[in-house]
Each structure stands twice: as C-alpha cells, then as structure tokens.
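Following are the structures in question.
Shared between the two complexes below is chain A, which pairs with chain B and chain C, respectively.
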Partner chain A sequence: MLRVSLLLRSGGAARRFSSSFSGASVLPPNLLLPSNLVDPARLKRPPPPADCPLPLLRKCDAAVPSHLSPVQTWVETLQRPDGEPLGLAQLHPDVFAVRPRLDILHDVERWQRNFKRISHASTKVRSEVRGGGKKPWNQKGSGRARHGSIRSPIWRGGGVSHGPRGPTSYYYMLPLKVRVQGLKVALSSKMAQDFLHIVDSLNIPTPDPQYLLDLVRHRHWGDSVLIVHVGDEFPENLLQATENLKTVNVIPAIGLNVHSMLKHEVVVLTLDTVKFLEDKLLWHDQRYTPLYPFKLPYADFP
Partner chain B sequence: MSVLGGLLRAGASFCQSAGTLLQTARTISTGTCCRIRMHAIPELKKVDRWTEKRSMFGVYDNIGILGDFKAHPKDLILAPCWLKAFKGNELERLIRKKKMVGDRMMAVDRHNMEKRIRFLYRHFNRIGKHR
Partner chain C sequence: MSFPKKPGSKALDVLQNLPRISLANLRPEPGAKKTAPRRGRGQHGGNRSGRGHKGQRQRGNRPRLGFEGGQTPFYLAIPKYGFNEGHSRRPQYQPLSLKRLQYLIDLGRVDTTQPIDLTQLVNARGVTIQPLKRDYGVQLVDEGEDIFAAKIHIEVQRASEGAIAAIERNGGVITTSFYDPISLGIVIKPVPFFLRGQPIPKRMLPGQDMVPYYTDAGNRGYLADCEKIQQARLALAQKYGYILPDISKDELYHMLSMRKDVRQIFFGLAPGWVVNMSEKKILKPTDEKLLKYYSS
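Up next, the complex of A and B:
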C-alpha cells in the first residue's frame, strides 16, 4: 500500500517536472475554455524595441538617476480608428516604474473612502424620547415589574442605549508623501500591467460615442477608460461623445486619484499630462520639510 | 430538525437493503427551527456600478498635491460646519457643536444637548477605570 502510494506520487511529480521543460504555455489537459474567449497573450502589445523606426516624441525633462533608465512606451492617436502608434515617449522611472507597494495603495484607497465620510445615523437616548418623565405605576402593590419610565431602553418605543449618536465624521489625513507615493504606485502599476496608454492629443473626428466604443473595442483596451488631460479646455467632440457614456470618463489632471485609477481599467494620458504629473510628483522627492503650510507663499515655490 | 430528515433521506438512498424501512421515515421537527421561511433563494439586488456619483468618486481628492496647494482636500467635505475636517468622540463633537452652533439651535435641542454633555462628562471623568 505504501509502495503503491509512493509510485503514484512519483508519477505526478514526473508529469509536473516534464511540463516545466516544455515551455510556458502548456495547458493542463482537462481545461475547459469557453469558445468566445479572447487570448490575452495575443492582446498584449510588446514594448517598443530598441531599433524602432518611429520618432521619439518626448524625452524626460527631469534628470533620470544614473542607475535607472527611462520607461519607453508607444504614443498613439485617437484620430484614426486603427491602432498604429505615432511614436515613442520616455517616461521618468521614479514616477512610472516605482515598486508596486500594495499596502500604500490600500491605505490611500481607504483614506479616500473614509476621510469624506459623514455618517448621519442618529438615535434618541431615553432622555430625548418624548414622554417618559412619570413613573408608570407604583413601585409596590401592582404586581407588575418595577419601572421608572416608559422610555427606558427595555421598553418598546423607548430610547436606544448604545446606538449611533448624531452625525459622526471619520476624517483623517495621511502624510503628504504617502499620498504622493500612492499616485506614483498606481501609475506604475497601470504601466506595468499594460493598462496605461499615452496619446498625443484628444481630438476626435466625430462627436459620436460609438466611435470611441469601437476604438476601445478594436484596440482591446478594456471595459472602462479614464481620460486625463491638463488644463480647462477639452475638445468639444470628446465632451459630447463621453457625455452619455458611463464607462468612458474624462477628468482634468488635477482630479487624478488612486480610486478612479483603480475603478477604471485603462488610463489614457496626453503628453502634456505626463509632463504635468512628472513635474508635480517628482518635486516631493527632493523638497525640504515645510516650516509652514505650503499654501502660504514660499520664495522658490511654485 | 429538517437537517436530520435530510440526512435520513440521504442515508436511505445509499443503503438499499433496508431501503423500505428508511424511505418511510418522516422529517422530525422539535419546533426549534428558525422562523424565517423562504420558498426560493432571493434575487440579488441589481446595483449599477457606473452611476455619475460612483464613477466620479474621489476626483479632486489630490487637489493639494496636483494643484499647487491652493486648496486642501478638507475643503471638499460635505458636512455640518462643526464636523468639517474634525474627528472626535461624542463628547468632543457635542462640545464643538455647542461652541460653533449652540446659539443658533432650537431650545429643546439645545437643552437635550446640554444634558447629554453633562452626562458624558460625568461618565468619562468619574466612572470606570479611565478617568
């Protein structure tokens, strides 16, 4: 019995050992796949090779540390529905290739959910419930249990003894550098998972929402798209197209945050947005600690 | 219990030799089953995850970092004025409310609030281990 079980175990180990030799894409024989499954290996576009003929449209403005190299990505366009890239762009590694700190992402996401939260749940205590000042019956003689008021918590219609009390706030602030690092980690994670796309500008040929949906479907971007742009002016076509779309949303670059990046599957940035974000997020790596809040004037900031 | 009945029926399907005896067993209820009765599994409520509020949640939370520190995320909070950018236990909240809004309150509400402050002060500072 022991020899039979040993043989069985060695057979399973040999099968697993041989599968590790034959390559990365060996599927188990008993796997059932649905017929309309899209193959993710086909969808992942490879990063730009070193000898790519397309022009380099953007270099990093800030100095890149010598032990790191800039991240290279494709720059695409929304004008044409096909997915041919226009050129390459270099992104700063200290913003887009940071370590994927999931604990910082969790902290920032929890902060975003809770710091604005005001719970208006409120109950009345026995002293606040209307009535109940008089002793309902004499202490002795009536045969019933002794009570002092009809609004005590053991009575029906009485006050709640340990219930929620009035509007409560759950406000707290994370340190500034933690929130900045959360943004950097979120951007790096989107870049590493191939969900970040750089676009030269947001001009679209038609204000038709179906054009955007077809473009997203054709390029296999994902279910939901977050488009980020610097400045106040957005192209009219884009605003009209995204007005009635639920899963494609446009926000200004000041509104970028970890929760929106996690909620939307794909994040689309323009080249100006990348410059703006790098500028804002890299400053915190080499700034002095504030002597007074940053909203008061400093000689060298902004 | 209905659980016992189910087990009996399962047991009956396995042993076929004594099947005739066990198949006639009835479910025994001792009257202590839970009172919620459901004829079917209730449907999940349909929640739209992409409403305007849900898809735009959290936008402008980093307005300080990305907007030159002219505004602070605490300016975005929608709250009564004595709770904006403030966290405290019940006594601290009530004292702050009395300081900021007390002279605008209705007489009954103010009286109740003062009674509650008095009670909580005595509770926290005179009763229990932590004074």
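Up next, the complex of A and C:
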C-alpha cells in the first residue's frame, strides 16, 4: 500500500517552512528535505511527442508483441553539460513496461540481502559451559533449593537454553524466472517514474568529479546515480571521476541488481547496455526448462 | 473497448504520481506473510497448549502407532503377501500418449523428418525420464489414436498394440528397443556425457525376462526378424481394419528404414568413440583388442 500524501501533491511543502518575521517564503539554509519528496524543481520531462524532429537512434531488436507498443524515451549525452537530448530510442515493453509487481521487488531484494547471510551468533548450552558436572549440594538437608548442576539455564553463568546455535545459514534461492522478473519490474518502475535515463555513450570530457555532479544537478536527476556499462573496457575519464564519489557509481551490466537500482535514485543506461539487457532478460520468456546447467552447451538454444 | 488494453499500463500510470520506489518503501503483499502460530503463547495457544487435559495425551506418553491396548494389532494380525515385493526393482516406463506426441509435432518441437529417438523426445521436453528411479525408457500409450495423423519413424521402449496400429496406419515405422540404465542416462543427457570425455559404451542386451518381449515381432522388437515384422504389420492391419501403406515407395524411405545397431546408442556414433565437444572432433580407437571388444 503506497500512501499518497496530499501535501506532496500540492507542492506546497516549501511554503510551510516560511520564516515568522519576513513576508517572503525563505527556506532556512540548513534545511534538509528528504529526497523522497516530490521536488517541484525537478521538472518532469514529458515523454517524446509523436512528431518529434529528433532521429530515432535505436529500435527494438526482438519482436514486439502486436498488442504492445515500444516505450519511447529520450537519448541524452554526457559530453555536454546541458540537457539537450540527442535523439529518441525505442525500448522493448516486455522489459521496460511490465506490471509494477512491488511484491516481486520486495521478495528479490529480501533474497539478495539474506541469501548470503551467515549469522555466526553462537551460545553455549548447559552441557558446553565449562564446569557443572557435580551436584552442588545434597538433594536434601541443606535447606536450599535442589539443583543438579551449577550451569543449568536458571543459574547465573549457566548455559542458554534456546539461544542461537552456531553458524546458521539463511541461504535460499528464488526461482530464476522470479529474479529475472524482479529486474524487469525494477527497470519498468524506474522508467515509469522517470528515473531512467538513456545515454549514447559514457565518454565524458574531463576526469573531474565536479563535472558529473554539476551535470546531475543541472539536469535535476536526483541525489544518487547508478551508471551501467557493458563490455570489458570502461572509459577512463568516467572511472577516475566516479572513483571517489559516493553518490555516483558505475557497475558492469552483469552486476545489475534490484538492490542497487532501488538504492540509487537514478539509473543511467547506454544504448549498448539496453541491447544487452533486452537480450538477456527476454530470453527467459521463451526458453525450455534446463535439462542440465545452462553453462554447458545446448544445441537448440544459445 | 475496440483497441487492446496494454497489461499493466494503468498501474504504471498510477506509479508516475507516487513517491519513488526505494528500499524504504518495499513491503510484501498484505496477507502474503502469515506468522506461524506458536504454542504456549497468548490466549489461544497458551494454557494447555493444545495438548488436552491430563493423562497420556497431555504428558506425551501415548503408546506407539498401531498399538491396540494389547490386542493383536491389525498390521500383525493380517498375514503377509508379496503384493509390493520387489516394487523398487520393477522397470518403469514413462507413458507417452499419442495425443501428446501429436501436440509436440504440431508445435514443431519434434522434427518428423528425422527419426524420433528418446533423445529427441527429451530435448523437446515431451517426457521426463529419471533413470535413477528405475525408469527404463518411454512407453507409447494409445490415448489419442483417433486424432493421431503424422508419419514418423519412432523408437520407444514399450508400445501398446493400438499405438503401433495408429503409427503404421499413417505410414510410419515404430520399433521397440532396450536401453540399459547406463545407456539410458547417456541417451537422455548426451552433452554432459560427452563433456565427461569417456568413450561411448556399447548398449547392453536385455535381460532374460525381457528377451521374449524384444524378439517378438508383434511388439516390433529390435531383435525380431524383419520378415516376421512384415507379416505382423499385415496381420495388425487386418485386425484393426486399415490398408497398410507401402513404405518402400515413400520419398522418406531412407529415413524410415534407418535402424540402430543392437549395440549402438546414437545414430552416426559407434561404441568406443570419444566425442570432443570443445574442439569438435571425434576420436576413434585403433587398438585391436578395443576394436574387437567394441564390435562384439
């Protein structure tokens, strides 16, 4: 259940913070608004109109089902700091416009966090605590309560009855198709909420991190950016610029995952990345069940 | 509505006006995660914790399952009889109905221009064979014989008479052959076997109790005589009342008459050969003893 707050709708969040002694609505300088707030300064880009003069730089490689139409988006560039789009691109609807299954997103993100988890918390049971083999005092006659060992759980310093036992693994695997669907849902929700940007290539003119930050702020992209690149060689300028930046990160396309996509506000893909992702994610829709692991060669499908 | 609705588009439109989906916003569907009830907690799980009132029930001292208070229990009173004796050693055959076979052919998952082998059926994901569960192959069942209309060359492990009639009525060829468990494992998953780097073994002959089945022409066994098979085809045609089409005048006669050797597992590969998939080479043995062993 996503709660829609009316405050955000009106955009009057800024107006509530007016100072008491001046008429103009001045924001205090040390105000930190949550980035989750719908920011009126972050202008929503309208989707490209049908009669746009810019060239279509990319069409979908795979066949689009006849009852769906490809998603049209702007293609921008990182070479120039201004936000003029270079052209348009068409994205496959079965990857970038699937149903926003938030429960799948939750499941996949929870799996990502937990399947690697091994909790090393371990306590000793009464038999493992040092000592406590001898009966402390006679059963009868001493006047004290009857006890069998000094390490029973009711004693101070005794063993723990039902504590964590040794390293426990929380490993479990979600079906492959669920994980694939999670990626598709994440990409579709980023696209729907206008947090996905397509870029022609990742070459930037300077290795200066400030250039990227200025670019991001000028285009009102958001606080954190995830740049996804395909291939073995990464552009050096970009690597140098993002090396010491915490909010702008570069990952290879094989490392794309739901957690990173949700953690960063904006996801930036190149045209090559889009092709790679579409190939990989659409293959799972029409494949046979595996007889043996997919890494071994198959004759009938790639 | 005359134009088709795009699935999920309404939800995506609604999403545009909602806050950003982030790690703080995720939650499961309401009602998806139900906490398991715990005994000894709360009004309903507590007090006696579902154990009843006093006695052996509450104290956990009930006698073993089947005990009848001293009377000879049912499971001892009834005498033993070997209904299920050796059930785990009986060969099992995964059924394949003609209806399913026709479905696979219609969808193009099975190629009718080549002989249909167990490997082809498994590659088409038509059947699932588990050789470790005493499966010895696939059996053809005659459900769907009235719908079946495809000329195929098929090799199975068992076939009912109606299924044989249905295939031969359409001008096809059916053979029943035997695969021992190791050969079966290789036939089902050839690629992992080739990656092992072992030479292809020779297929073993059936055991004593299966030899009569595979030497009988009525079952189209692979060890039966060719002339007897021809006579059996004519007899079956007479019995079921159809005209037996002449295969020798068929354009695909060469494919329909392809037969595997008794010791052969794959068409085109003989026992003793090693297949190297990465370099795409086949290595054949040259030693006399090996050749003599593999050709016996």
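Going forward, the second predicted complex is superposed on the first by the 259 of 302 C-alpha atoms of A that agree within 3 Å, B and C clash if a C-alpha of one lies under 4 Å from a C-alpha of the other, contacts with A are read in each partner's own complex, and residues count from 1 in each chain.
Simple rule for what comes next: a contact is a pair of C-beta atoms (placed from the backbone, for glycine too) under 8 Å apart; a residue touches a chain by one contact, two chains touch by 3 or more.
Everything numeric in this text was worked out from a predicted model, so none of it was measured.
S.K.: Mind working out whether A:Arg217 is in touch with chain B, chain C, both or neither, as first, second, both or neither?
M.R.: Once the two structures are laid over each other on A, A:Arg217 reaches no partner at all.
S.K.: Answer with first, second, both or neither: which of chain B and chain C does A:Ser127 touch in the superposed model?
M.R.: Touch status of A:Ser127: first partner only.
S.K.: Identify the partner contact of A:Arg146: answer first if only chain B is touched, second if only chain C is, both if each is, neither if none is.
M.R.: A:Arg146 contacts neither chain B nor chain C.
S.K.: For A:Lys295, select first, second, both or neither according to whether it touches chain B, chain C, the two together, or no partner.
M.R.: A:Lys295 sits against chain B, while chain C stays out of touch.
S.K.: Using the touch definition from the top, say if A:Pro93 reaches chain B (first), chain C (second), both or neither.
M.R.: second
S.K.: Please work out whether A:Asp103 is in contact with chain B alone, chain C alone, both, or neither, and reply first, second, both or neither.
M.R.: second
S.K.: After superposition on the shared chain, which partner residues are touched by A:Arg80: those of chain B (first), chain C (second), both, or neither?
M.R.: neither
S.K.: Taking the superposition as given, does A:Arg287 touch the first partner, chain B, the second, chain C, both, or neither?
M.R.: In the superposition, A:Arg287 contacts neither chain B nor chain C.
S.K.: Give one of first, second, both or neither to describe whether A:Ser189 is in contact with chain B, with chain C, with both, or with none.
M.R.: The second partner, chain C, only.
S.K.: Would you tell me the residues on chain A in contact with chain B in one complex that are also in contact with chain C in the other?
M.R.: Common interface on chain A, chain B vs chain C: 259, 263.
S.K.: What residues of chain B sit close enough to touch chain A in their complex?
M.R.: 50-51, 54-70, 72-74, 76-80, 83, 85-87, 90, 93-94, 112, 115-116, 119
S.K.: Tell me, which parts of chain A touch chain C in their complex?
M.R.: Counting only chain A, the residues touching chain C are 1-2, 4, 8-9, 35-38, 67-69, 93, 97-100, 102-103, 105-107, 109, 188-189, 192-195, 259, 262-263, 265, 288-289, 291-292, 296-300.
S.K.: Which stretch or stretches of chain C touch chain A in the complex?
M.R.: On the chain C side, the touching residues are 4, 6-9, 11-13, 15-30, 32, 122-123, 125, 188-189, 191-192, 195, 277.
S.K.: Could you pull out which chain A residues touch chain B in their complex?
M.R.: 112, 115-116, 118, 125, 127-128, 165-173, 176, 179-180, 183, 224, 246-247, 249, 251, 253-260, 263, 276-277, 280-281, 284, 293-295, 302
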